[in-house]
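Per-chain numbering from 1; labels A, B, C and D assigned in written order.
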């Protein structure tokens, strides 16, 4: 397991926040947001973060690079419900030679509902590993 | 609207049947299968039908052709629930010069729960319309 | 088929507009937004519209009423891609005794990419049909 | 993190195998299965496993118990593609007082493509934690 970041529960540790409103389609028969729906929330927030730091993911892809997901960890602390507005606090937590880790704190009305970590590697259009963009290292 | 096929409620009208068990992830906070989840059921059944008639969709794609979805209609008659086994009765209903229509009857325990129609056109890898495979016409 | 509304291609015919940015998770191996992903876009826009007119869907549900989807029709005109911002132009198109129809025009950069209609009926928490809220009729 | 199980890469370590064919809807614009789609695969396999050991999840739910997902970890090793048949090797890996862990090995044509762990707790219909079924302990 490459994943070794521990997301904090303090929103002030995260430089970026992205708000998402829960869709009805994302709920399940327990009346709460289905656990798989969190992953697109993380992804949407990651994309918004990259746009925020001036390196939109569309530019990565236009240049032939994808940020493949290598590992995902989510800890579900409290349920989220339809129409909740989730703040996804997002940070680039660690950059190594070939991978980078993003950490996330999800809050609803300032209450932590989940934490998560994703590990990524750069891959070329043909699926082969390629070098991470140089600017990534400067962001940590 | 190109869509002009009316799916029947009689399962014997359909030459092919494909069974799908409802995933918990496909339910919503009403306790039933979310209406958007039906479209992947239709798609999975369409793909199974094409395999059944000896023209797997992977072969279409390997040959550079996609069956783009141009129109979709679904009528929801009865709710489906977690763990239900849905029989998707599937037929190629109509082939015109540039498009073909598939019709579907969904049943749970032989009870109709939905009907649907999808309209498709062949598109090349670059997204441009291309000719329908010749064998399609012979299947109707 | 109860569905008998024909959505126009003129955005000015629609009283409400809701913007959604395409998630990477919503794309498919054709490189475009998967056709099933449009239904949650319509739903999210419908929910935003109901909030806009002062009758949030959460209030419907708190009062024990769901707006079940009875029929869906989508016409896909142009592909949408990752990171596109889609404007979902939304209107309450028709109200009958037991059902109402919503019409939608989806545009990207003012170019029509899809039209859609959804038909709804009010159902109680136990799944049985119930009366439509009275204010619905006044909105058409 | 409660999650402390390390899934092996040897399919023979897992008592149960469940096959799932990849849907086109589950692919993304990289041409591979989107990383979020793995979670419903795990869930479907978990449900199949519980049926296999004689304790169908529908019975849990009828008795008022849900197996809430508390944590998820997935390691993506190789991409999966449209129409691949994935074998999800599944085991109950650990049971503690209030939680249990499931481990998964996903293979395509006997080649490992992913490993995963999910942590679950029993919750009552009102969302409060409740006791794990007694038979769970006997299965490990």
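By definition in this document, contacts are C-beta pairs under 8 Å (C-beta built on N, C-alpha and C of every residue); 3 or more make two chains touch, one makes a residue touch a chain.
Small disclaimer: the values here were computed from a predicted structure and weren't measured.
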item: Chain whose mean Cα position lies farthest from chain B; value: A
item: Contact-richer chain pair [C-D vs A-D]; value: A-D
item: Cα-centroid distance, chain A relative to chain C, in whole angstrom; value: 28
item: Rounded Å distance between chain A and chain D, as computed from the means of their C-alpha atoms; value: 22
item: Between chain D and chain C, distance of the C-alpha-averaged centres to the nearest whole Å; value: 34
item: Residues of chain C whose C-beta touches two or more other chains; value: 24-25, 32, 36, 39-40, 43, 82
item: Chain A-touching residues of chain D, taken from the complex the two chains share; value: 1, 3, 6, 30, 32, 35-37, 39-40, 43, 66, 68-76, 79, 127
item: Contact footprint of chain A on chain C as seen in their complex; value: 21, 23-26, 39-40, 43-44, 47, 56-58, 61, 82-83
item: For the chain D and chain C complex, residues of the former touching the latter; value: 24-25, 27-29, 31-32, 34, 36, 81-82
